[in-house]
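What follows is chain A paired twice: with chain B in the first complex and chain C in the second.
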Partner chain A sequence: MMTSTGHDSDAPEPHDDAVPGDGAVGRAAFSALLEDSPEDLYENAPCGYLSTLLDGQIAKVNATLLGWLGYRREELVGRRSFSDLLTMGGRLYHETHFAPLLKMQGQIGGVALELRAADGRRLPVLVTSVIKTSGDGQPQLVRTTIFDATDRRAYEQELLRARREAEQERRRLQELVTTLQASLLPPSLPQVPGLRTATLYHIASRDEVSGDFYDLFQISRDRWAFFLGDVCGKGAGAASVTSLIRYTLRAAAAYDGDPLSMLTTLNTALFREYRSEDPRYCTVIVGVLTPDGDGFTVALASGGHPPALLLGADGEVAFRQTRGGMLVGMLADAVFTTTSVRLGPGDTLLLYTDGLTEAHAPASGTGDGRYGEEALHAFATGLGPTTAEGAITALAEVLRGFGDGLTDDAAVLALSVPAAEISPSGKGRL
Partner chain B sequence: MGDLDVQARHHVTVSGRHTSGPTLMLAHGFGCDQNMWRLVEPILARDFRVVTFDHIGAGRSDLSAWRAERYATLDGYADDVLAMCRDLDLPPVVFVGHSVSAMIGVLAAVREPERFAQLVLLVPSPCYIDHDDYRGGFTRADIDELLESLESNYLGWSAAMAPVIMGNADRPELGQELTNSFCRTDPEIARSFAKATFLSDHRQELARVNVPTLVLDCTQDVIAPPEVGRFVHAQIPGSVLVTLPATGHCPQLSAPQATAEAIAIFASEVADTADRP
Partner chain C sequence: MTAVVELRKLPVPSTGGLLTPTVLAVRGDLDHTNATQLRQHVFAQLPDHRHHLVLDMTALGFCDSSGIRVLLTVHTWMNERAGLLVLVGVPPRLARVFELTCLDRLFTIRPTLAHALRESPAP
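So, the complex of A and B:
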């Protein structure tokens, strides 16, 4: 009965009227069906069959599997267990996942394992097992079918390799972005005598360089310049523009030291550099700090940037109107606005990019669902007189509150003059 | 409310008699979750209070509590065990650790012995990789092969399944239908736990165990072969070694009655000692 090749010549000849289909082809097919005995179907099935005792000992194995593995029946039956046929890693997987699941569920399907053939060759397979139980529900043995998965596994390996590569590339990209980003911002702000500074920087995506930037640096013995802005766009293009903006503004500050001429120089540089293809422009607010008694005079110039916010020592909060300036780099002879702010003891000046005011914050009750300048004003008023660090800490909390609503990058620079130890007048302002 | 937190985080379940008798804490090993105890737990619950839980990353634990650095070594898991003992306000427990959790129990008991009445180490191995004269049974290459096996079997795992596996309260019907869910783990977590487990070497800690210890091994076990069981027994002062009439690495599934009995007999000694004036 146990034949390992397919055909017996003495199979019954079917009658024509019982034949499905017509003619010789149909007759041959029917004849093949009749002679396909269950034994032959088992032995030479297109998959491997294996029956094991509950302790894993092999009790029965079909010719297909023996052929794949290159073992003789007597080498396996009663001598080896299923897990002996697996690679070491496969055995670990079998013991920690496969066997417990089979025991708990009575079956387990589609598990990818590798068998070791007699000659050491590895055969990737997909394994499905069921526990056969007796009439009273007692488990008796385990039936396992094994499918050759060589091609599928090669394909899966290819997918895994591609995924690993993609993950690696993404990590490399993120590292690059982080490094590049860091190079566009000062690692830390310099100490300015008589001034406290703090910053907040939120990057919306680790995959793209942010277009927000800021800086603070010394331009003469006692004067300091700072700027904060937002380049249109993101990524490599924005990074190169940001870099150009930084060194242009720094050079212009050293040359002139006036915020309006710094902006004009920047406008010319950007306009020339990016006029032809791919126009690039930015909004930026530039300031120069000059010591002035117990505080500073801050000269500000703005090109299309949201107004600075002054949180006074007296609790009063006001936007410093630098509105109306044009985008920087768009027109050859752009016009910018200037203003001057006195920063006395207990005053805090906030510069920010529109990532803050345009964050989606439905709770703020604005018509467009954005956080908005009004909400920022109200928030600052609620804060009362504060310091650079205090304002930044509180704003960080606001940003966290936006959660997913914070879709854009955001940068905030806060400058404050420490409040007088004991101020008899109660006010730091002249 | 630390106790509620820890209970939810580890999906802690408590069963059995809340008497003055000892409390058993059953810790599952690498691969599956606390379902591994489902056959022995009812037997033990007749005589003891039984606490089961899922390690962070397994079963219905809070996956969001998983941190790569914290769980890169077994110490993070041992910290969790101690935190549970503390926050659940457990009396000194009989800690039953299967497979890698046996060693997690050893680490915890070395650190805070006062929290443990006894240790039951079910098929333990302090080190899976061969070193000089020590035979753990595996090479580094074997462990890499396991990591590959894990990876090929997680092709079907998707992030979309995570809420289901975590026990999404909104759609409990999904949880019911999931096959293999007891042993389904986020691939990154599984990989990390596999590394923490199979690349660890805690042979040095065994001699520092100062708690009555029962070592249970099987007649045949690929992962923790009999010689490893004998090694653990020899290293832990005053420990008892019992070989269960079972094969494979999960005697609590293949021989639940014998496993439960061995645990119960040993744990009853605590009760006896405690009863004495």
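So, the complex of A and C:
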């Protein structure tokens, strides 16, 4: 059995097998095997064929398309027009775009439309049409090929769905982050008699929970405690640590009311809770406010946290160094340092996380292009005697100035005692 | 803005009868965007037995708290295997952070790679 045509040594031309009906046995077998009579090719092609008159009436349709749509030939030919097979939206598009363009250009290709089958099913298709003209160029009829685009449409819809889902996930994540973040910070600071408070909180990314935290709360009739810190790392892991820190410090404050023991309790909790597989650490500065005449005594304890900045009523600005306090959660028997600050009328105490001092600020003139403690000191000096609100408003402006340079989260807590009452003459006011 | 950090393994001459350390040089900025990646790269270089690791930080530009967490994780891991992590060439700003957080008491810090290599622990 030969399926090749290379046997006809008597043929003058070796490659004339494309000529039909020449009677050679091998060619007939080849032809029969392929069943490629033009009629069969038309009827059972892997795409739909449709010929319509210029008014749209269907003149000829192949079996493939009839099969897809579930119509009998006599239901369509001479009875329906192409646009009858389209969905309502498709019909509109056909009328306003497809038909005019076809008329103008003589052809139109690759248009995505939907056909409506006899049973109401929608069939996504790609349609190409050409106008057949007579010898003298007069348009005679429209020939249309129709490709089943179900797979392609499904693919596109899958892409769309995946994208919508991703967007929804992202929105959900951001909502979750916002909610979680809110649960880690006090919604507003309580009113402390004789004290002004203000805060600033910058979150570097809406997709990740910040590791910065602060709180201020009452521990006895006239004493108040506060803390501000930074968990190493960020995200969900950091959030659970922040939550643990907040409750541990609040509980420790209620129990003891001493900043050093608050830190020690926290260190033990962190060290035990997160020792092996996922160690967690934080730097934190803790303070307890005790009323003292016309101001407060502030007892401070620090575990590896940047020093607090005191902006005095006299214009003096000084860091309250708390060097020697360890990163909290690092060692079982950690050592922390304490200091005491007198906060009198007109004094402001500033606590901050290193997101502020580590911000990219090329203009600050530091060797590594970061804002730095020196710049913060200079800024505070330029500010002069201020209030908690005044300091925070001015710092917010500084943060805005960093723009994209503010890559990390930053938290600032400001505490101030209102300046002395204005004298009756009105003098002495700044 | 995403920080870029590179980790390069440096060739080390055999230290004779001493435990030959792995020396890794860190270059670039280290923050929360790439800390996890760096940690994985460091651990990929470490055999799971007693070991001596030297991290050369001379070319480390910036290191935030996420980076410090990586150092602590590596330190703990080495400690648990009776190994030793030595930091060399700690940049001044990071040295101040170490001082502030007392990490300078926890980490073994040497000024240069030569200092660290002279002190390789006995096997």
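To be clear about the criterion, the second predicted complex is superposed on the first by the 269 of 430 C-alpha atoms of A that agree within 3 Å, B and C clash if a C-alpha of one lies under 4 Å from a C-alpha of the other, contacts with A are read in each partner's own complex, and residues count from 1 in each chain.
Keep this in mind: contacts are C-beta pairs under 8 Å (C-beta built on N, C-alpha and C of every residue); 3 or more make two chains touch, one makes a residue touch a chain.
Predicted, not measured: the structure shown is a model, and the values here were computed from it.
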item: Which superposed partner A:A419 touches (first chain B, second chain C, both, neither); value: neither
item: Partner chain in contact with A:L180 - chain B first, chain C second, else both or neither; value: neither
item: Touched partner set for A:M104, first chain B, second chain C, both or neither; value: first
item: Chain B versus chain C as contact partner of A:C47, first or second or both or neither; value: neither
item: Partner chain in contact with A:E95 - chain B first, chain C second, else both or neither; value: first
item: Contacts of A:P306 with chain B and chain C, given as first, second, both or neither; value: second
item: Which of chain B and chain C A:S83 touches, first, second, both or neither; value: first
item: Doubly contacted chain A residues - partners chain C and chain B; value: none
item: Touching residues on chain A, where the partner in the complex is chain B; value: 54-56, 83, 87-93, 95-97, 99-101, 103-105, 108-114, 153, 156, 159-160
item: Of chain A, residues touching chain C in the complex; value: 208, 211, 230-235, 279, 281, 283, 303-306, 323-327, 330-331, 334-335, 354, 358, 360, 368, 370, 404, 407-408
item: Chain C residues within the chain A interface of the complex; value: 1, 31-32, 35, 61-62, 64-66, 68-69, 72-73, 76, 93, 97, 99-103, 105-106
item: Parts of chain B lying in touch with chain A, wherever the complex brings them together; value: 29-32, 35-36, 38, 99, 138-139, 141-153, 155-156, 179-180, 182-183, 198, 221-223, 247-250, 253-254
